[in-house]
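Both complexes shown next keep subunit A, but they swap its partner, so subunit B is in the first and subunit C is in the second.
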Partner chain A sequence: MPSTIRVRAVAGDDSTEVQALIQHPMDSGFVKGHDGKLIPPHYIEVLTFKHDGKVVFTAFWGPAVSRDPYIKFSFKGGKKDDDLGVSWIDNLGKSDSSVAKIMG
Partner chain B sequence: MAGHRSVGDHGPLPTRRATLQVMTLVGLAGLGLAGPAHADNAPGWPAEAFQKKSQRDALQALLGMQFESTDKITLEVPEIAENGAVVPVSISSSLPNVTSISILVPENPFTLAASYKLPEGTAAAVSCRLKMAKTSNVVAVVESGGKAYGVARQVKVTLGGCGG
Partner chain C sequence: MRSGRLYRVGFAIAALLGFVSLARAAQAPNPAADQRAFQAYFRSRFPTVKLADFGNGPYAVNALMRKQWEEIMAFPPYDFALDAGKAAFAKPFANGRGYADCFPNKGIGIRQTFPYFDTKTGEVVTLDLAINRCRIANGEKPLPYQVGLMAAITAYMAETSRGKAFDIKIPDDPRALAAYEDGKRFFYARRGQLNFSCASCHVQAAGQRLRGDILAPALGILAAFPIYRSDWGSMGTIDRRFTSCNAQVRSVPFAPQDKTYRDLEYFLSYMSNGVPITGPGARP
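Right after this comes the complex of A and B.
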């Protein structure tokens, strides 16, 4: 199965800028499906980024984060070809993870 | 029934005690499951804060405090969002030692939208996209040096993001 995680991390002079797009329905539980029944809540709760064995960013999300969520942040350090680990877990216990190479 | 049981009678007593202990454990487990947090919530996820309906309650559950106003937070949101399902939000702050940035939408069914933990070395700047049910303030709350600071800006929503 293809990864749900797309990451673009670019190292600058002293920090790395990270942009990520996750494929996820982020169902709020307030929207009705075609059958007229509410689609049960299904959303990412925790998204974590790791660099060099250290957590550099943690997102706690609720049902108000948009479908196929986007996130952008930056952290000090990181250089070209370093690994950036990304993982998420949702309210149904599903999860995915990926390792991206930082670009120069 | 059990009123005349002697001290030396070890018959049914331990069994009954064991049964009671098991029942107590089951009872506690039941309470845990019946509480607001699901047993399978992701570790660290602030379940209680995400279930609050008012800004005050959500902040109290999340940070244990309310925020002071500041001019050291930049909150970028559209003035008018034609599509409430995708409202871009960018927050940055010049406050020192920022440890978290949280976003609240008081008119949504649940107020807290997102909360970001920033370890030392991570910049006090984050962008994401949120759903808004209707016109509401968007509130950015930044934790800095153990205190909370916040700003609010209104976003007019012409088509809600929670009604499909």
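Right after this comes the complex of A and C.
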């Protein structure tokens, strides 16, 4: 299965700017489908970015976050060609992870 | 005297007949002239926009939207669909054959030749229809039009054709001309409770705002399909656009791939000859 994560990290002078797009239905559990029945909740609960073995960003997400969410943040440190690990886990226990190279 | 009057009446009738036949000649379908006039209208309406840029729809005519779009394109929202489409295209059917066997050049870089007029069956064949006919011919169930895998596969096929200009031909066949005329009539005919034609928005009001949206010029409007529309939150094919446009003017949409929609696609694509494929696209 193709990765559900797209990451783009660019190292600046003293910080690294990270953008990521994640493919996920993010069903809130409050929406009805075509059959009139509630679509069961299915959303990402924890999203983690790791750099150099250290967690640099954690997001606790819930049903209010949109489908295919996009996130942008920056952290101190990071340089060109470093690895940046991304992983998410959802309320059904499904997960995905990916490692991206930081660009200069 | 009497014969003189008769002569005059006869002359008048002859002149009238002559006039009628002249008027007929002027109204005879002339797609090439239509195309020149159509493109000239948009070129004079948006003099700074190059023909090739019309495939970018509203972004070609609105600088602010273009800037936002360029940022969005760092992460094209159709990227996931593109991956899914590529995988589906490469996956063989149960009988071992694949999509590539149904299309010239193994289906790569051919989007710009669709829709074409099939002189054997006497109808317009769109890419979506060809994909489903390929599936049926190989014993697979047809895909639903408008969304999902159909959008993903057409996205992949469009992506392989990027930069290739629309090259729609109208063969020397009265049925092809009739299909073109049918599409043209639909494009300019007002319909629905709001009494809008396609042209009301995409010719007359092209580049202007319709509430929060900038109306895309009709020239090159199909070059970006299928599109990821943020408003939809998913991918959509040309059928999805046609049916939802029709519903928005409060008319009853036709079924996807109805002859009317295929003829409309034929007309619109022919009008856009020379505009390169930019699909899959991202629209607000």
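By our rule, the second predicted complex is superposed on the first by the 104 of 104 C-alpha atoms of A that agree within 3 Å, B and C clash if a C-alpha of one lies under 4 Å from a C-alpha of the other, contacts with A are read in each partner's own complex, and residues count from 1 in each chain.
Operating definition for what follows: a contact is a pair of C-beta atoms (placed from the backbone, for glycine too) under 8 Å apart; a residue touches a chain by one contact, two chains touch by 3 or more.
None of the values given here were measured: they were computed from a predicted structure.
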Fill in: Which superposed partner A:Val55 touches (first subunit B, second subunit C, both, neither)
first
Worksheet, complete the sentence: The chain contacting more residues of subunit A, comparing subunit B with subunit C, is B
Discussion item. Quick one: is A:Arg67 in contact with subunit B, with subunit C, with both, or with neither? Answer first, second, both or neither.
Written reply: both
Worksheet item: When the two structures are overlaid on chain A, which partner does A:Gly85 contact: first (subunit B), second (subunit C), both, or neither?
Response: neither
Worksheet item: Once the shared chain is lined up, is A:Pro41 touching subunit B (first), subunit C (second), both, or neither of them?
Response: neither
Discussion item. For A:Phe30, using the defined touch cut-off, is the partner it touches subunit B, subunit C, both, or neither? Pick first, second, both or neither.
Written reply: first
Practice prompt. Could you tell me if A:Arg6 is touching subunit B, subunit C, both of them or neither one (first, second, both, neither)?
Written response: second
Discussion item. On the A-aligned overlay, A:Leu21 touches which partner chain: subunit B = first, subunit C = second, or both, or neither?
Written reply: second
Practice prompt. Overlap the subunit B and subunit C contact sets on subunit A and report the shared residues.
Written response: 66-67, 70
Worksheet item: In their shared complex, at which residues does subunit B touch subunit A?
Response: 38, 40-46, 50, 85-87, 90, 105, 108-110, 112-119, 121-123, 125-133, 161-164
Worksheet item: For subunit A, which residues are in contact with subunit C within the complex?
Response: 2, 4, 6, 8, 19, 21, 23, 66-68, 70
Worksheet item: Given the complex with subunit B, which residues does subunit A contribute to the contact?
Response: 15, 26, 28, 30-32, 45-46, 54-67, 69-77, 89-93
Worksheet item: Which residues, counting only subunit C, touch subunit A once they are in their complex?
Response: 74-75, 77, 79-80, 83-84, 87, 233
